Structures are given as C-alpha cells and as structure tokens.
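Each chain carries a letter (A, B, C, D, E and F) given by its place in the written order, and its residues are counted from 1.
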C-alpha cells in the first residue's frame, strides 16, 4: 500500500526526518510518499499557523490520488476534519494516533509538546476526541519546533525534564510526544524513562496500515459527507 | 467605533443581508464595515468549506486595521482562534455569541441550523466553549445556506417546524438560529413561537460594542500569543 | 434605558461604588438605578448569606418596575434564577457576565475572589453554567468583602499575588475578579499584569444594554415560567 | 435521637403526610419533629418559591436546637447549603437522599416529578451532586404539588404513566419520586411496576439515623464554615 | 437483620477487624456475619487481585442465603456489579458508601488510600458512580494493605501526612479512608484533623440497615437482571 | 509474531469463528493462537458472567507465554486491566479496539450489541475509556450470544434493524458491532448499510500487530504495576 505522510509545514528537513520515521514504522511492503505544501508556515505553532497551512495541505491531498491512506504529520492534527470530507480513504492525525494508542497502554498519559502557545489547541482536540479524561497534563517544554532540527540546541534536556516531572507530579503512566519533529526521540526516551513514550508518526502509520488491511474507510454520512465537486478547488 | 463584520463566504448578497442586520443591531453611532473574502467557498457547509475560507478570511482582517473589533459572521465561528492570534482587538464569532447570550436568557436552548453535515462542527464548538450542557439539541432543517437567499424556497417552513419540535421534544427554552443567513428571521420567529429566538449576528455586534466600550482586549498570553511578524503573510 | 443595579448586601458604601462603576460602563444614555435591600446581610460570603439576602433582593426587583433590565451585583449571582421567574426583563448576574465575557477573550481564565468559604458556591455556578471547563482555578485571596471598603487594608497586595500565581501556575489567560467590591480595580490590574482582568459589574451592565437593544427577554417556558400572581408576595 | 423533618412549604396537611412517612421509616426509637415555616409559599414549584421559603426555613432550624439532624423535605433540596452553614448536625435533602440511594440499587434511574417548571432546578442539583450521569431522565407528570393532597385528582394515573415510559424509553432501572407529597405512593408503585421506586423522605430519614449513629457531622471547613454569630439573624 | 460483611481477601485478622467495626456501627439488633473467601489473594491491591478474588467472593454470597444484605468490604468495591446480579438483596460496596456519605457532609472530599497501584481502579469507580467531580484527589499513602495489620509500622504517620496535605492542597472538606483495613482509624483521625474522616465499612453497614428497613431491593431490570439458574455455578 | 486471541467464554465453535476472523485480519505472517478457558460461562452476558470468566481467562494468559500480544475477544473487555498487570505485552480488548478505530473514521458511532443486560457494562467502559461522548447510543438487538452461532435464528434481521435505526435516529456515522460472535457480519453490513461497520476482533488484531511492530509495551507504572510473583497463582 501507499501512505501519504503529509508534513503540513514547509520545512523540508523535517519532512525528511518524518519520512524516515514513517518508513521505519511501516516496514518494507508499504510505500511512504512524504510531502509538504509548497507554501505556508515553516513551522506550525498555534492556531494561526494551522489556519495558514490548510489550503496548501488540502492541495497536496488532492494532488496525491495514488495514496491509499493519509497521515497528517502535525501534532495539532491540522486539517483532519477537512481532509476527511475530501476523501474516504483513511485520514489519521498523529495527535489522535498517539492519544488513542497511549490509552490502550496506560491508565493515564501526559503530553510533552513544544511551546506554550500550542497547548490550548491540543486541549481542544482532546476534548473533542473524548480523551481529555485520559490525559493527566499537557506540558510545554519551551522548545520551538525548529529547534528540534538543530543538533546544538538543548531541546533534548528540556524534554527529558518534562518527562521526569510528568512521572513525578502527574502520575503519568505513558508519555505522548507532542510534535512530529520529536519522532526520532521516542525509542531512546522509552528506555531512559522506563515507561512507554509514544511517537504519533509511527502510531499513525501503523493505524493507516490496519485500516487499509481491514478495508475500513472514512464515513460518508454526517460531518464527513463528500464535498460537492464544484466546491473542491478555488482560485486563491 | 468601527466593527468589521466579516462574512467568510463569498456570496455578496449574503454579506449585504448580514450588514443590514449588523447595522440595525449596532445603532447609528457604530460604523459597520461589511466584507467577504475575494476568493473562497460561496457557502460554508461543513469542515472543508471552513478550511478553504481561512486564508481569505484572515487576509480581510489584516487588510482592515481601522476596525476596532471583528465579528466573524459564520455560525461555525470559522477562523475564530486564528484571528485572535492576529490581533488583540475583540474577535467574536456569531455562534459563540448566540450560545453565550442564550445561556443568560434560558436554562437550555436548541440550535436550528442548515444541513446535517454542519452539525458535528457545531457540536465540537459547544464542547470546546463549555456550553454543550446548555444545548438541548442541534437540529438541522435540511435547508442549504444559499436557499436562504432564495425567497421562493420553503426554508422558512422547515425552520418553523424544527423550532416547534425543539419546544415540544427538547424542552428548549430558547432557540439559537444556526446560520448567518437566517439573521432576518429572528424577530418574527420570536413573536410566532413565544420564546427567545436569537440571531448570532446581532448578538455578536452588541458584544463587540460592549468589549470596545470596556476596553477589553483579547489575551496575549498562551494560545492567543501574537503571531511573529515574519509568519503573518505567505505567498499563496 | 434604565438598569436596576442591585447590590444584594446592605452596605451602602459598596452600593455606591458599584453604582459608579456601572455608570462609567453604561455611558450617559443609560440611567443606573442602584439599590440594595433594606434588610439582610452586610456582606455576602457563602451560602447562608446568599439565602438570607433573597427575600430582600426580590422585594427590590418587585419595587422597581421602571427598570428595563436587572443586574445582580453579587459575584455568587445570588437569586438569579428566582429573579428570572419574576420578570421577563433581562436579569444578569455579575458572575455569569464575567465568565461569559472572559470565555470570548481567552482560552482559559482564573477567578480571584474573597474568602475560601465562597469558593464552592462559585464552583457550583460554573458547573451549572457549563463554563467549568473554561475556568483554570478559583483562587481565594483571603480578603473579606468589607476589607475591600477599607483603604487601609492590604487587600490589593493579596489580590495582586493571586493574579501573579494564576498566570504562573494556572496558565490563566484572563482573570475574572470575584467580588462586586473589586469593581474599581480592574483597569489598573489589567495594565499591571498584562492580561485581561474583568469586572463583572461592567460586563453585566453592557450585556444588559445589548439585550435591551436587541429586545431579548428572559424565556417564559420551562424553569423561568412566570410566578402565579398569588405567590408573588408573602407576609414575612 | 430526634430528627427535624422540615417541610419548606406552609401546607400543614402535607407536613402531616410527610411526618407519617418519616415516622414509619424511622421506627419507634427516633422522635420525628415535623415542622413547616409559618410564612412562605404554600407549595414549592420552581426557583422563586424556593427563594421565598428560605428565610422561614432557616428560622425553623434555628428554633429547633434539640434536633440531632435535619431533613429538608422538599425535593429541590431547598436551602440545603445554607442550612449546613448554620449547624454541623447532619442536614440531608430528600432529593439528594433519593439520588444517592437509587445509585446503589440500579445502574440508572429516572425521576418522576410534578410540573415542568421544577425540572431545571433538579437538573442543576444533579449536576452539582455529580449524579447527573446516573439519571436517565427527569420526567414531569404535569401534577401540581397540591393536587397530590386531593384524593379526587388523577395524579396517580399520570405518575403511573411516566413510570411506565421511564422503563420503556429511558431504560431506567429505578425510579425516584420527585416530590415530598408523593411519599405515600412509593410502596405501591414498587409493587405495581416491578422496580425500586424510592421516596426521598424515607431515604433521608434513615440516612440521618446512620449519620447520627456514626457521629458523622457536616464539615466546618470551606463552603460550610460556620456563619459568624452576628450574621445569624436579621430583622426582616 | 443479618448483614454479610464480606472481606474479599483471605486475611482472617483483617476480617476480624472489619467485623468489629461493622458490629460497632450496626448496634446490637443487627447480626454481622463476617466472612472471607477460602482461597484468593491475601490482600487486594489493584486490578489483578480484584479479578482473582471474584470467584471466591461470589461463592461466599451464594453460601450465605440467610443474610438480608451484603457489604463488600474492599475499597475497590470488588465484585459489586456481579454480586447484584446474583441477588436482589441490597449489596453495598464500602467505597461507594464512603463516597456517597461524604458527598452529603462536604462540598468536596479527598481519598487517602494504600498503594499507588490502587489509585486508577478507584478513579474508574468514581467516574462510573458519577462522583468524580466531588473528589478533590485520591492520595496514596504508600502503605501496603497488610502493613495496616502490623502495629509496628509507621502507617499511621503516613496517613496523617496525606490528610494534612489533602486539607492544605486539595481544599478537601472531608476525607474518605481508602481501605477496609483503616476502619479502626476514623474516629481518632476525625478528632485530630477537625474534619469528617469516613470509614466505608461503618457507612456501608448503616446503609444496608437503611435499605433493609425501607424494603429497598436491587433492581432486577437491565444490568442487574438475575443470572439464569444454569449459569450460577461452574466447576473451577 | 504470535497473537493470543482469547475468547473468554467456553463455547468452542465461537472460538473457532473468532480465530478465522482473526487470521483473516492478521494475514499470513502472524500466527493466531486461539484459546478459550476450560471452565467458565458458555457465554458472557453481563457482569456476573464477566466475573466468573476471569480466573480461567487469566490462567490462559499465564499458560501462553509464547504469545507476543493478547487480544481479549469479548466485547465487554473482560479482564482487560487484570491482564495488563500480568504482562507488559500489549493486551487489547475488542471493545476498546472498535471504539478507538471508529473514533478515527466518524464523528460519532453507535454500538449494536446483544442483550439489554450487557448495555450498562459497555456504558461503564465507554465512560472509563473517555469515549462516551463519541458514542451516540448503545443499542441492544435482543439477540443472545449463542443465537449468533445458530444459522436458523433471525439474529441477522434484528441486527439490521438496529443499524437502520442508529443511522436514522442516532445520526450515527459508523457502527461498532458489540459482540465477538458478530465478527463474520461486518463486511456484509458495511456494504448493505453504506457506512463503516466495525468488528472489534479484526480491529484488535491489527492494533496488536501495530504495537508489536513499534515495540510498544504496556506501562509498568501506576495501575498496571506488575503483580508480585507470590500473588500470581492461587489454588482455587
């Protein structure tokens, strides 16, 4: 099968890192088509960036009909609902993927994300998904998204500290990493902290495989009813 | 004061109808600047249309710095959070305005909206605003947004029927009309059905006046922290 | 229009302070009729005082038929539901007014109130209004209501400290001041702390103006059905 | 022990009926002191009546220091919180008593009450007590409180019909009778409908006995902190 | 009447301690039949022990038909729902008993229990009972169940410390002791800490007496429908 | 990899049907080890059967150390938490699997299950998982579990009818089949009703594959802390 792994920001190095994580999670029999929009924010940090990435993000989905499933590789699950109106192929956000998986491995998880400005959008998502009661706390590490691309930053230390506090103060039994740019850290952090540390990219890719194998498709009734043809594209 | 009343869809006749309602609600001392985006969906019916209207909607806000407050005149409160990151002027969605006002006039309200495909987005909003427990039910009338612009349609009868059922079956004590295109119906429906029928456009306009008079501004802390300058505009 | 601003306690100096704030919020075209009951508690601090203020409070409403709207100027929204059964004019509590307004300016707010004994009643209100999930925390400052009338007290310092903690620990994006006696502090605290600090008196007054302008009236169906004539007054 | 069973309305025949039920529930070793306020509403149907009964109700509690516990025999639990500030003796509302007991006998219960105007106050109570999720539905029978005192009314048939519907439509596993005036119906309705039908008066009386035997007293911390002496009585 | 007080673990000294507390709570006219299963875990600390105690626990209930009511004396309310399918006699868990009683004596309570591993099961129970919003926090003291049987342990000091913190940090107005093995501590802790400290064993016993006196029986509709005869016993 | 697919009831024909569905979902590279306990209920319908199946169910897990993951193939997720204390291999219930998957394909789903007596246990699970708000309704078809094994029954027609009503009345966008014995119906019902109809067995098997591939293991902190060795087995 083919999975479109769509990084909603325009930072190519991050798209590549995500692609590598997705390929490792998917295994050899699945083709990962990694893309990012041509135009839009270089990083998605909060509501405004989300909004400005949507037109480009949806354009990539329209331009990739060969994909059997779509993974939205931004932890805010940017554009998730809109994408599901555009196609009945499975569309999975890496945020929801991490939350759902963590819910089956622990009684309660904490999220460690980037900047404080991203926290309320994640809280809204958890409320809407229904999983708010499973999340002990969303912790911002103070690390900006693009710092994760910089090997010289102290991002790693700040993330470590928040995981430590999540175990101690939140009684978290698992951690969900709150940014696609953290995808390469999960295995090491799992070992170091002695609890499941989940990367949403890997979770979403294997969920997409599951849905494809089971021929599960996005519902066409109600909120995800297909967009009428004449509304699909606009001159922008 | 000046209020930007922003119809997120591109149907000019609807913008005009909304402007008239806004002017009547605002009274003579407030200037209503009614706008719609140049490009985007002609009507907003569900998640996809919402997403595709955002870039145009935010562009109008950036292009209207003379406004003292912004009213987003789509009942899904399209772009509400993103707009609040762009400016600390009050930004009010007509959906939230109707919900908050109805909560101070009744124990429980029902919403009568357009198509079934719009209902889940409204449910998400109510969950996030916290007012889900105040809403008895969201009812779709089966009326498409642009039918409301067509005097020959039977839209009015179908809306009447849903209000009748809301009183009977939901024990609703008030009704919130779930589309900016219904703005001209509220007064008549209030009289005919004997309970408060709220139009979000009027509610939002007077809330904007209140906030302006009280010098209340959108918070700059946390989720609505200002967008950095270099991220404000992108070539699209 | 005329707004009855009703201080449910019997401390005249507080009624005057509230009246001044209400007049400033309302502007010159609205007449503020400021009243307090003749008999009842000198301050309302908790459930018992609330209960003992009700008969006097409702008497003032019955005795002021010339008012177009009623503002209940106690942060517990004492008597709110009972008052709405007595009249279909808008009746607004300063607590709900502050909560609803803050919900449109921030993702999450904290409340800074007087004594710890008042906190549970505010929590009950937030649950019932539906806005519990929008409130990060209710903080008691340990300041008694009548200390706010005493310029020599250190009330101000204690309120400042709680706002500081609300920003730091609760990640509050706005503050709602939890007592009518704090009405004169909001503007200064907004400037000093760099986030919206809302005074319920001002919020409620402009909401009353909005409802009056839009001819919105309290529902007569269900819980606010009119009290039968023979039940309106009792010998006490 | 002695239990003050306080009917908050002024209808003596109802006080007597409640007293008889309380005595039967309590058994011979407990003295039931049945009282109603001298002044106040003849029946409590909704928020306004509740408010107007409070001063009289609290006066009865102050005037009955010999009671070891207090039962508030109105299904809205009128004055419950205020009474708890006045004394550390156990104070139990018949509404809460029925809800808590039904929660230990069934997965889900429905309430059958009097008029529709009383429903929102009961919903508020259930939210505040936390037991909202245990209640399938609150059903109004359309029976006014004083009709329950009239043997010629068809009150019984209307209550029967709502119980039937609660089993059929709400999947209720138990019924809580929503008015002190229904106290004499519980045993017969239990037999006829084949599920537990709970009378709050009987439940509250035995709960008061339990608390007294276990020397459990109302907390003096937080919301139920004792009222200062000078605030206990006011000239009215 | 006769109450089966069933300690689901197999530690006889604990059964005796529980029996003594139950007899003191019940008074002379009620016979306490104290039992524990022949086989099963010596202490119940978490989900696995709960599961392994169930067959033995249900066997004791089947073997004690002379009991008029059943008290399940483990704070996780082990087997509560299954037991209710086996008999329509009242079945009360000491956890739910403590939670419901505390809800009528305080606005908010905290639980002080044994090991951290037991906390999530208690959280699940509180969610399901509906009383989650009434619980400020569940605190583990780090005391293992069988340490409570050892007079030389420092269990008491650690429990004291958690109560102190519950008052200070959680603003708890009452404490529910979270283990049947703490049943002998409640009276002393109430005196020392100046707030109600509830023991679930005593609460459950008097609730069983109440239900028996009022002839209240477990519902036979829905989830507690009687188990068909052929399914009652299996060879194990 | 090897997945233990554990049917908690003792009906071998059902175990075989489940095994076939699991093998089809898993594909050729995964070995399905299908087992049921030797002793216990022939069908699991409600709380009592759940309780009586646990000892046997946990014995099967202990006796199958070669499995890399465990799927609990009863829709009540019988023994889920206890099993997770016994092993850090992934343990997935078919109920939770269906709920989580349906949440990523629809805004809202309904469940169609067997008898009414099973509904409350499913409601408890949904509350605890956090997904209650995503479930429109749990519908019982009135079909007993073992009727699903009888080709001559009208089980299929009754399930069809409930799906039809779920679409019409609940506005469900997806259906989760509420019994392992319905595993062979999902594909046909999806085609016939035009919305996703999910079988928990297939969902759980592919989730187990995902977790195994990603080396995700059940948390050992908090509620799923490992059971001490001496507590693992008891003579029964």
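Descriptive notes on the structure:
One rule holds for everything that comes next: contacts are C-beta pairs under 8 Å (C-beta built on N, C-alpha and C of every residue); 3 or more make two chains touch, one makes a residue touch a chain.
The model shown is predicted, which means the values in this text are computed figures rather than measured ones.
Steps from chain E to chain F, minimised over paths through touching chains, total 1.
The most distant chain from chain C, with centres taken as the mean of CA atoms, is F. Note on chain placement: the centre of chain B and the centre of chain D lie 43 Å apart, centres being C-alpha means.
With centres set at the average Cα position, the gap from chain A to chain D is 51 Å. Per-chain CA centroids place chain C at a distance of 30 Å from chain D.
Residues of chain F in contact with two or more other chains: 107-108, 116, 119-120, 127, 133, 171, 222-224. Taken chain by chain, the contacts fit none of the simple shapes, being neither an open path, a ring, a star, nor a full set of pairwise contacts. Chains touching one another form the pairs A-B, A-C, A-E, A-F, B-C, B-D, B-F, C-D, C-E, D-E, D-F, E-F.
Across the complex, chain D is touched by residues 39-42, 46-52, 54-56, 58, 79, 81-82, 84-86, 116-121, 124, 127-128, 222-225, 227, 231, 234-236 of chain C. Across the complex, chain E is touched by residues 25, 27, 90, 92, 96-97, 100-101, 103-108, 129-134, 167, 171-174, 187, 190, 194-196, 198, 202-203, 206-207, 209-211, 213-224 of chain D. Across the interface of their complex, chain F is touched by residues 116, 119-120, 123, 127 of chain B. Listed in rising order, the residues of chain D touching chain F in the complex are 107-108, 133, 171.
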